[in-house]
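Pasting in a structure now, in structure tokens, and then I'll have a few things to ask.
As written, the chains take the letters A, B, C, D and E, and residue 1 is the first residue of each chain.
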Amino acid sequence: MTVIARRLAGHLARGLVMVLVVTTISFVIIRNIPGDPIAARYEKLIEQGMSPDQAERATAVLYGFMPKGTLWQQYVDYMTGLFTLDLGESLMTPGAQVTDVLFEATKWTVLPVLVGTLLSFLIGVMMGVYAAIKRSGKLGDVLAVSGSLLHGIPQYVLALLLGALFTTLIPILPSGGTADIMFEPGFNLDYIGSLIEHATLPVLTYALASYGGWILAMKSSVVTVLGDDFILAAELRGMKRGIIFRYIARNAILPLFTILALSLGLLFGGAIFIERIFNYPGLGLMLIDSITNRDFALMGGAFLLITVAIIIANIVADMLYTVIDPRVRSGEEVAR
Amino acid sequence: MSDMNPAVALPGNTRATLRRNFWRGVWRVLKRKPSRMAGAIIVLAFAFMGVFGPMFYPDQLPRDDNALYAPPSWAHPFGTDFEGTDVLALVITGSQYVLLTGLVTAVITIVLGTGIGLFAGFRRGRWDSVLMRITDMKLTIPGLPLLLVLSTIWKFSSAWEMGLVLGLLGWGGVARAVRSQTLSLRERGFIEAARGLGLSTTHIIGRELLPSMAPFIAMNMLIAVTGAVYAQVGLFFLGVLPFEANNWGVMLNLAVFGGGALTTTAALPYLLAPLLAILLLTLGIVLVVDAMDEIFNPRLREE
Amino acid sequence: MITGTGITKTYKQRGNVLSGREVKALRGVDFSIEKGGAVSFIGESGCGKTTLGRIIAGLETHDGGEIVIDGVPMSSLKPRKREPYFRRIQLIHQDPYSALNPTRTVHQTLAAPLALRARRTGRPGSWMDERAEELLALVGLDPGYVLPRYPHQLSGGMRQRVVIARALTVDPEMLVADEATSMIDVSLRLGILSLLKDLRERLGVSVLFITHDVATARYIGEGGDLYVIYRGQVVERGQVETIIENPVHPYTQSLLSAIPVLHGLEKPGEQPVVPTAALDESKTDDGCLFARRCPFSTDRCASEVPSLAVTGAFPQEHSCFYPERRSVVATPLEAA
Amino acid sequence: GGGNTGNSSGGGVYTTIDALKPGLDVNAPINPYNPKGNAFRGYNSMWLGWTKNHMTDPNQFYPGIAASWDIAPDQSSITLKLHPNNKWSDGKPVTAEDVRVSIGLAYTQGGTAYALDPKAAGAASDIEVIDPQTIKITQAADNPSVTFVRGIMETIIVPAHIWGSLLPADFWDKVKTARTDGPEAEAARKTITDLAPKVLAFGPKEDVSAGPFKLERMNPGEALLVKNKNFYNAAKVAPDQVKILNYNGNEQVWGYLTAGKLDNSPFTAVPADVMKRIAAAPGNAVVRGYSPVGNSLAFNQSKKPYDNVHVRRGLAHLINREQVTKVASPEGGTASVTTSGMHQKPAAEWLGAAGLNSLEPYKGGAAKAEEEFKKAGLKKVDGKWNLADGKPWKLTINVPAPFSDWLAGAKAVTSQLNDAGVAAEVVTTADYPLYLEELAAGKYDVGMWLVALGPAPYNIYQRLYGTQNGWQLLAGQLKHVPAGKEGNWMGGPETIEVDGEKINPGELTHKLNSVTGEEQKKIISQLAKAANQDLPVIQLWDYVNTQFVNTNRFTGFPENESDMLRLTSGVWIQLGLVKKK
Amino acid sequence: MTVETMPKAVPPVPSKTAPGVRVGGLSVVYKTSAGELPAIAGINLDLVPGTITGVVGESGSGKSTLALSLLNAVQPPGRIAAGSVEIDGLGDVVALRGEDLRKARGRHIGYVFQAAQNSLNPLKTVGKQLLDLGRSHGVSDLRALVREAKELLGRMGMDGARVLDSHQHELSGGMRQRVGIMLALVLNAHLVVLDEPTTALDMITQATILRIIREVHEERGLTTLVITHDLGVVAEVADRLAVMYGGRIVEQGPTREVLGGPRHPYTRGLLRAIPRLVGDIDEARALPGRPPTLGTVPREGCVFRERCPLRMDVCDTVEPLAIADGPRIVACHAVDAAAAKETKA
């Protein structure tokens, strides 16, 4: 137990430093983005038919929401805010707390990411085992190559293909939005059905995009374990197939949990294409929006969130390993 | 260099022979599986397209006002774009930028990643921890969002610049992996022996370590090429990078956001052409990567 | 030629500062090896033989004590300056499979250090090839066959010979052979052993032989010293033959007792010594380190630390309070 | 399962998008002042009156909160009568006090008529509640403007019983003080403007609307509004519910339209084939109307060779606007007949046929262009035009990457120019804010620029002869700053010779603010000629307000060219136009 | 601790339970890029019930392949190409399939793995793996199984309860090897195959393990096959000894007799190549040449002829037959010739 606690403490300390450094870096970068959001807003109003001077006055108010003071002062303000979990107010939606906006967007990223990843993890892992067992056969080859291919194809290509297929050629799925507003949100079939319908394309894309990786990882992991002596030993002891299978599966899946945790962390920032293509209102879309609107506070918040997610994922991955693998648990260094 | 490794007079042992043997081995490895051959052909075809493709077309691609978003035909296998320009011509002429960026990125990624990983793993100790902390940091900063932000600061007007930035953002993973490989190779007898013999660090790294990591590096290089292609095409697709009519990503962007390829079928060929190009490139590289291990491992190569 | 006094080495298990676990690999070892002499280290697994060998070959740093090569204390030199001294001491690895770079032909392997030498001494390029062939012939290989080959095309014994040839490229004054034959086929082992023996006799190269097999130590270190090492300490030291015939330390005796008897050719010694417990390095001991396993230990052994010295009527140095001659070694059956 | 046919009885659900607020934001307050606030104009957010889409007169309105209005002949004051039985959705009556508080809030936000600067033109000086249904607003006498009335009518009206607390007790005294001179006034102005962020961020828990609808709930993709039974014209409001769909890009609207989901969609750029598909969806119809906006290629005249009017003219001759429009905006635009700084339609009204015909149409093609380029001293070598000093000439058009019609248009222009031997390329900028900043900083030679923004002629010409071209209005005084300074990126000359007369287009534009009638006409004619001859921009296409309606569920939508088309369909509904089918 | 027990001069009386094993004409081939190559060819070997048979041979001589064949467990790409393995009470193992084969493994034949270090699932405690084993073989009384295991471990000088509660990484090499032996015996198998049981262990531990093997063998009445490359190890424990070379058994016989009077030139060379602790150092001689690998084993003739000092013409073409002479069997043309001469004389 002490090993776990000690490891965790170390991780957290390092994670905190990392957050501070990354936040500082992103702060500096973000605050140096050129482009005046208020001028852009002004042009938008003009386009919408507002008279120039009226538009000017309407946008002038927004200056109240711009960060104030020198860059250094802004940094101090930002960091002190950070320690009280106050990330400031959104510029484009004055009055909305960045934390609230982030929370709302995160919901819609986490939902399909989690479902999509878990789905692909389950299927990928199963197919990976299969591909490993049949690795010398045709089917194994097909599984492996299709896995590599899917793994290699960028998300947006998949998203575009699926989009073209299901919204243009056979238009059966909605693109965009989270659920039909006519249905009262809550645990009712209509609402959940609508939720699922809207999430299908993003989830499918996530699932397909990560499926290849899982099948490959699981395959190579199983192949490694299959070569391990203890499997042959178990066989030679006349263990039941089921038990041997469990031995293989448990040992093979162990390293995958680490990857799973890491990929979940990474997907927070990697959902941009899918959300943009399917207009799914998650973090990615929000991030693009915040950049085009020069919503500094929101951008900073998004970066922070993504960074923290990655760091936490790293910690979780390592701790998971610590908890699951008895070798690490007892404080032994295990080569991974 | 020649005094370091003289073109030895021993029969059948000259460097030229070694090289010849190497290529013969590569050929054997490729021949072993038809899929690898296909992969190699695809990759070579792309390389050819990148280098010579633009030569087949005039600087200004012809347009046809009467055939905007024309459907596929013999004249236009993938139809035409919003201006009536042949989509295939766009894909072919656009490959240069895309592939060059990929190459530049891959080179920078590999050079930096390998360099840093080697240095950290070889020096160990304080250098190692400092470099790895930096690498961790780099890996923690979300890449795509950062690129989005950077693209507002920077204008990636040339393939070199684009490749440079992607390379600078991409070395982290390679550095980590190279470091751990270096650490484990370091413990191998032959590295230790080389040190014991007083061979220079340059020799140890260049002649002993690097060749042992060659398959890994080559694999990463190929993967970095695809990664870079994806990243930049993606950025162009999101519309944050400078316009270039024949850039694959711009084509995707215009097909979807300008031509309504996700709404109607007219712009679909315009969308599919660059998508297919990317898919094919991926396929080629995936198939070739499969052979890397065997190509660089003399034992597997010569079997 | 090389002497060491009070060499200590402690390994800190990697991990964070909090969880550092220490392994005392060497606890103050003295040794001295003459030019052209032969010395053997024997001992149980993990007793520190390899560590000591690597320290002597300059591949590992030690944290206490002093190594003197040709009268020059190494601690007085900057690390860079030590290199030429240590280059004269070449290590032959236990594992000939990993000791050769799989991506380089034998020719390339030999050419690199030879080229360096040729450059330093201003010899022509052709000298290298001659020298390479010469060395291969010296270790009993056919240069024409071996030179263009990759390591995987050679057998274990051939590889080990190449390794030795490579060590000889720098005209070393001493070879440190760390279990140099344990991974080689039985029928080939003796070939390597006699090669080393031969090199010692013909070239005057001193040989430090590290092994857990006393018989090979006897074979190669004929007339030389034998160091029996236990948990990082020398417990008995003297002429090989003396110790084999008259071991006085119970640890040495138990090592010798453990040697399998070729029933049919030999009959076992009459007073075999079997340790009363297995090695457990995690136990920290006061007094004699072997006391806990020693069948003859007394209270004194558990509290008082014996020192390595010549006592009683025995010619060799030992560190036992109760040295006693026991018949542990098998003796040949009278030829039938 | 779409909700169109969903659980609605009676009036049914009316589905639309709000072009004024593309990205719905569930975190935004229900606040019409907030850029992303969940108050939808015409639905649950009301103005005093709704400006008609008239080509020459900006002071025509449909009733909003005000049922009728009396404008003093010299526009010195306006007296508003509210609807007698209008109530907020929570049952409280809509009164003059609501209007007064809303005006107070407008002061904090700096609405046109509510400038605190005593020298500002067209500002309200006195607000007088005559009775609960009547309120009179008087314009400050020292700097009257024709924009005053419109400024008043466009005031957003919010319920005093919810928003009143935002204004401190001495607010109106502060306003009085602020409209004077001196340090005290300065302090008062500061107190008032300091309220601005608070007002902007204020978010009532629940929607209290005086519009035909009130916000019921929303999610990130959609907002649901339900009918406000207390609305004065509730009887004639056809739909029971309004669903406003979120969109992040045009392609999403295309999707809604091809699925026949939208009862109405305001202007959205649509590619030709998508248009076909939209038209094919049952019930869909296209309504086209006037939009004052035009798109143009603007020059930075500080850069060579664009300082030379002949170069600009030559380029204008070279560009085939029909072809450009066909590529860039086939459905949402018509090629500009000529370039006058105005949209073709009001131009015809202001200038008359004779006036129009006297303008150079720039249709000379390559021959004319060659002539002009030669005049500018450009040289043609190997079929390529080089600069006067022999250096190669590369024309770079900058556009913001997200605007795909601009991009396509610019690309089409460069293709044409390249064909004619002018090396040209398109360079994009990552996004609009950056584009604007770099444009203003004078980093571009040539860029895309919206012109002819109505409805008032002053607004139209301000795009050509305003801040971007060096004319700044500071404390009521017009001054001209040199090229390259303070946002003057067009860098045009301060005076232009038109019909042998030197005119100062900036001054003339400013004058449009306060003159009426014939004088106004004369100035416009001068400016049109100036723009036509001097070509600070080359107009490419005039936008057409192309809207989509679906008549499957509702009817009574405005016809082509209706003056309602620039108002949201919320206004059509509240005025009782839209009928249930 | 007890002093080393010496092998008794007379082989122990075969117990009732100990099965006999008769390997007949066994050949195993591996599929390689050069086609199917034999790793062992035509092996005949009898395991006398209740004895320890030792098999020595160098790396690649086919020892592990032989051991695995006894369980019909040759791993792909290898397969048993010919021959039979008759085990008393089981019949021909080569013919066994599926569940029958599985049940035979572990229950009837205990196998101690070459790399016993790694023969345990790293994620599970020894105890849990023991239970898995019990369940696999339908042991109803798992408690009794655990008791039996503890007893066995105790017998081998370990704290049974602690060991069962440990993960593989918490045990030393010697302990793991003992656990391996325990798992091979706990189901009461009476035929035990040990493949290189002491290879990675140091001298003192090796001695302990060998002693345990001997003791357990006697106590439980087993038939044991010990495979090793170390002549010393077989000499120490085995009653009978078989020497393998290039996939063939070139010589077999009672240990003492073979060591005391080796007949096959390979056995002789091997014995001479081992440096001894006592006696004349200079007598030791290396064998010339090098052992064959799968690809270099001669297709016909004697596999040892390349390195043989007694090579004759016939060796190039005719594979020598294994000729029995009392308990001793040798496959060598030269020995045959000498014997023929002797009988003639």
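One rule holds for everything that comes next: contacts are C-beta pairs under 8 Å (C-beta built on N, C-alpha and C of every residue); 3 or more make two chains touch, one makes a residue touch a chain.
No experiment lies behind these values; they were computed from the predicted model shown.
Minimum number of contact steps separating chain B from chain D: 1. The minimum number of touch steps separating chain C from chain E is 1. A straight line joining the Cα centres of chain A and chain B is 25 Å long.
One simple way to say how far apart two chains are is to compare their mean CA positions; for chain A and chain C this gives 55 Å.
Between chain B and chain E, the centres computed from C-alpha atoms are 53 Å apart. Chain centres here are Cα means. That of chain B falls 49 Å from that of chain C. Under the contact definition stated at the top, the residues of chain D that touch 2 or more other chains are 249, 255, 258, 402, 431, 434. For chain E, the set of residues that touch two or more other chains is empty.
For chain B, the set of residues touching two or more other chains reads 152, 256, 262-265. On the side of chain B, the complex with chain C involves touching residues 3-6, 8-10, 12-13, 18, 188-190, 192-200, 203, 207-208, 211-212, 214, 296-299, 302. Here chain C touches chain E in the complex through residues 44-45, 155-158, 185-191, 193-194, 212-216, 218-219, 222, 244, 254-266, 268, 272, 274-276, 278-279, 295, 329-333, 336, going by the rule given at the top. Those residues of chain C that touch chain B in the shared complex are 57-59, 83-84, 86-87, 90-91, 93, 95, 98-105, 107-109, 111-113, 115-116, 118-119, 125-126, 128-129, 147-148, 150, 152, 163, 166-167, 169-170. Taken together, the chain A residues at the contact with chain B in this complex read 18, 21-22, 25-26, 29-30, 32-35, 141, 145, 148-149, 152-154, 156-157, 160-161, 163-164, 167-169, 175, 268-270, 272-273, 276-277, 287-288, 291, 299, 302-303, 306-307, 310-311, 314, 335. Taken in their complex, chain D has these residues touching chain A: 1-3, 6-7, 13, 19-20, 23, 25-29, 31, 33-37, 108-112, 115, 147, 150-151, 154, 193, 196-197, 200-203, 217-224, 241, 243, 245-249, 252, 255, 258-259, 293, 402, 431-438, 440, 450, 453-456, 459, 462, 466, 566.
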